[in-house]
Structure formats: structure tokens, C-alpha cells
């Protein structure tokens, strides 16, 4: 295993951890769940996007389900969310940063995996975004929220941009099989857009005639 | 490609477009979604049923996800729903007709695809219905509606009838591999039942003791 | 087919029937569904967990979908729930017993199938639990309940224990390919924990600071 691959896997696991922590905390906030629910929802948030991607690629069993490291990191993240549910409320800012990092990494690595498995460019971009937003969407459905990706702020757009940049780098030959530099650049672009969106409270356009001044979650 | 195949693909794409338009409009009506949400929900409504069918058949990656024409038509339908969200309200009648056409076509082509891939008759009928109603069901789950197929009017029954007729034609030898005439006949039966149900406000029976006079959506 | 296999299949079908009955009745109680909804939700409760397991294993088409006996038993269970919706309310106790039996059998047979198809021990335990709780979770999502496995009583834990015992028996050589005696023992342990939990109204721990005295369903 090359140093580059190691770096990417470490970043992927950091994203998994951030999503698990975030998923567990969201579960505690919006639903009346017990320890099983917190850990399950944390894990689903962390590995759900990769599972959806692999189902759509027909690459079964899904990598994030088979590799014990993803499941272990996801379970630990969920357990920490449970154990420190009160204390973690103070850390919403770092959690959002980690979530944006996870979104960026998953969008890029998801697009790369789709290309490796033979998907076309359009499909690879969509699958990168699905990898990034899928886990949180499953979590929201299970706790009866309208998935935030559909309604709140700038979330899917940076994922699509990151995935598109990764695909462009790989298909234009800038990068052989989407190596580390192009991947990091694409993830950084996604991350930046997401953080700017958060900082300035940006929203994607709403349908004409339905704009309201209230924010985010319906 | 024969003329028959071309006709079927065109009809399939018309169904995809109708479902995408319908899905995007439904999203705008019942949830607080932005442009990403409208297009995503339109596309999921349009291609979700075919994806569920192909997952259950193990025919991955799913045809409606891999073929760029489905995704493109679905995205265009969703964008039109977004752009003309106010104007389209006037067209609820044509939209319902297109939706019934999509349901009919998907039920029949879904059953045919299931047979081609080796499913038994009972499975092919179920998969035809799943192809027809699956996308709308995914949409309803994402926007927190009880799926209308479970609770409102006559929707699953015409899909089951259309799929059953298509399977009967194919398995009794009326039709070699479910060619155009049998497919069109089965779709027409489904379409007719659906439109009669809409016109006269018919409902499938409710459990004894739970009948209420109020209509449709809970 | 050996006598042992026959016994296991019979028990599996009993579990399927119990889940279908339970799923149909739950649908009638919590949502405004018609006959299509009751039968569909009964069938999804009965075969949904096995389908999720087989998707995650890449064993497609899913066994519970392809084998007509599962679909038939599931449909009959759903139809009975519809036909006797009033009368069955008196039988909530036997229904809970049957549901616990289904949970136990599915957790153990699901883990065994996962091992047979090459899953690792951790994955097999998770997939056993998914087989047991997956169908009910899909049903709850469709009728807009927070899935009870996430929030109410002792439900996932006995499934995990049963699956873990089955995996331990198979991997430590107590049992060659998870034969009947070990399977029955593991199922009995799951069943006992579930019934004790029901009898004494036990709950899994909730996050610190969020405990409330109200019970079960949010």
C-alpha cells in the first residue's frame, strides 16, 4: 500500500468518524431514541452513503459494510455521541467542520470508486454526491425529518462540485486513477463552498412563489 | 433496433418525463424544498421504481441509472417543475393523465424486464407493480407522506392488472418476448382502470371498522 | 432435504407468517390504509429484513423474494390481518409472542445465511439482527413511525445476542454449518430476552439527560 493510499484511507476514516458522531448527535436531538438507536443512526449516517453507492454500482457486498474498520469507527463515533451527548452540544462548530470534511472526502472518494468500477462521468458525479449525502438522508428518513439535503442551505451543491472536479481530473488525464493531489484539490473546493455557505447562511434557490424568510429545516 | 423497440423506448421515456414532472410538483406542494430538492425528488420519482426492480432482480447497475437518457429526461422534468411551479398548477388534469400513462407503461415494461431476466410469473407481476409505484413511494417517504399507493384511491390495482396481463401474454405464448401489441394492450387496461378510478373517486376496500368518508391522503 | 432443514424452513415460514400478521395489524392501527396497503405492509414486514440482508450480501435476487412460499405466506398473513382487523385486536399477546418468535428465528437464520455466503463474524451478527428487525423498520418508515427498534424497549439487543450466539456456535466448531441444535438454542436465548423485556417493560439506556418516564413509541 502506497503512502498516498494510506493518506486517503485515513481521511476516509476521519470522515466516517465525523459522520457517525454527527449522526448520533442528530438522533439524540430530534428523536426519542435509546443507545441502540444512537449507535445505529450514527453508523447508518457514516456508512449509508457508501452502501447506496455500491448498491447502485452493483459492487456488492458494499465496501463500507465489509471492511471492519469502517464499521468499528462508525460504532465508536456513535457510542461517543451517546456517552457525551450533553457535553458535545458545546461543540456544534467543530462538528459542522468535521461534517463538511466528511462530505467533501466522501464526494471525491465516492466519485473515484464509481469511475474505477466503470461508471460513466455523469453517473460518477451523481454517485459521488450520493456517497456524501446518502448516509445523512437515510438517518433523516428514519427519524422522520425531511432530509436536509432537499431543503436546507448549500449541501448537495458542494458535493456535486467536488465530485465533478474529481471526475474531470480523472477523465481529462490530469490524474491517472484519481491520485491524491487531484482528490485533495476537489475535496478542498467542496469543503470551501460548504463552509462559505454555512458562514453566510446561503440557500439554494427555492421554487418561484414559495420563498420564505425562515431558515433551514422545515 | 426495430421500430417496435424504438416505440417502447419512446413511451418509456415519456413515462419517465411525466413522473419527473409530477414528482417535482408534488415535492413543491408538500415540502419546503429548494431547487436541489425539486430536481432530486423529480428524478427519484422517475427512475426510483426501475432501480428498486433491478435491485430485486440483481440486475445491477440498474438500467434506469446507467442509461443517460433516463437521467437526462428525469432531470429536465424536475427542472421544468421547478421553473414553472406556479403555472403548472393549472395543469393538474393533464399531469394526472401523464402519471397514469407512466404507471401503465412502467408496470408493463417492468414486468417484461423481470421475465427476460428469469423471474417467475408471480415475481414478474410484483416487480411490474413495483416499477410503476416504486418511484412515487420513495418520493413520498422522503417528503414524509404516507405513500399514496398504500392509502389512496385505485393505484396499485391497475398496475398489478397491467403487469399480470403482460405476464399472461408472455407466458401463454400469445407473445414471444412480450412484443409491442400485447404490451400496449396491457398498458391500456391499466391506464383505463386508473382513469376510471380517478374519474369516479373509487377506493380500494378499507379494513372493516375503519371506513371513513374523507378521501385520499391521510 | 433433511428433517433438520425441513424443521428450520417450517420455523422460518412461521416467523414470516407472524411478521405478516403483525405488520398488517400495525398498518391498520397507525395509518389510514386500504387493502393494498395492509397486504403490502404485511408482506414488507415479513420479507423486508431478508431482502435487506441479501442486498448487503450481494446475494441477489433475494431468497425471500424469489421463493414463492415466503411471498405466499406473507400475503396470506396480510390478508388475514385485513379480514379480521377488529377481531385480532383481542390477540395482542399471542401476536407479540409470534413476533418475538419471528425475531428470534430470523436473527439466527439470517446470521447463518450470512456466514454461508462468506460474511465475517461481525458482519454476520449485524446481518442477523438486520434480518430480524429490518422488515418492521421498513414498515415503520412507510407509515411514518420512528422505527420502534430505535426507540422502544428491548428489541435489537435480543436479536444481536441470538445472532452472536449462532455465529459463535458456527465459528468455534460447536456446530458445522449452524445445524438445528445450536440454531434453536440461539433462537431460544433471543426469544427469552425479548419476552422478559416485554414482561417487565425494560428499556435500553437512553442518552444521559434525555431520560423520560413515558414509554415506547414517541
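So that you can tell them apart, the chains are marked A, B and C in the order they are listed, and the count of residues begins at 1 in each.
The working rule: a residue touches a chain if its C-beta (ideal position, glycine included) is under 8 Å from a C-beta of that chain, and two chains touch if they have at least 3 such contacts.
Heads up on the chains, UniProt names are A, B, C = Membrane protein.
Owing to the predicted nature of the structure, the values given are computational and were not obtained by experimental measurement.
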Category of the chain touch graph - line, ring, star, complete, other: complete
Interface numbering overlap (same over half, different under half) for chain A and chain C: different
Turn needed to bring chain A onto chain B - CA fit, degrees, nearest 5: 120
Separation of mean Cα positions, chain C and chain A [Å, integer]: 30
Interface hub residues of chain A, defined as touching at least two other chains: 55, 60, 141, 144
Residues of chain B that touch chain A when the two form their complex: 27-28, 31-38, 40-41, 51, 55, 60-62, 65-66, 68, 71, 82-83, 85-86, 141-144
Chain C-touching residues of chain B, taken from the complex the two chains share: 55-58, 60, 119-120, 122-123, 126, 137, 141, 144-147, 149-152, 155-157, 203-210, 212, 218
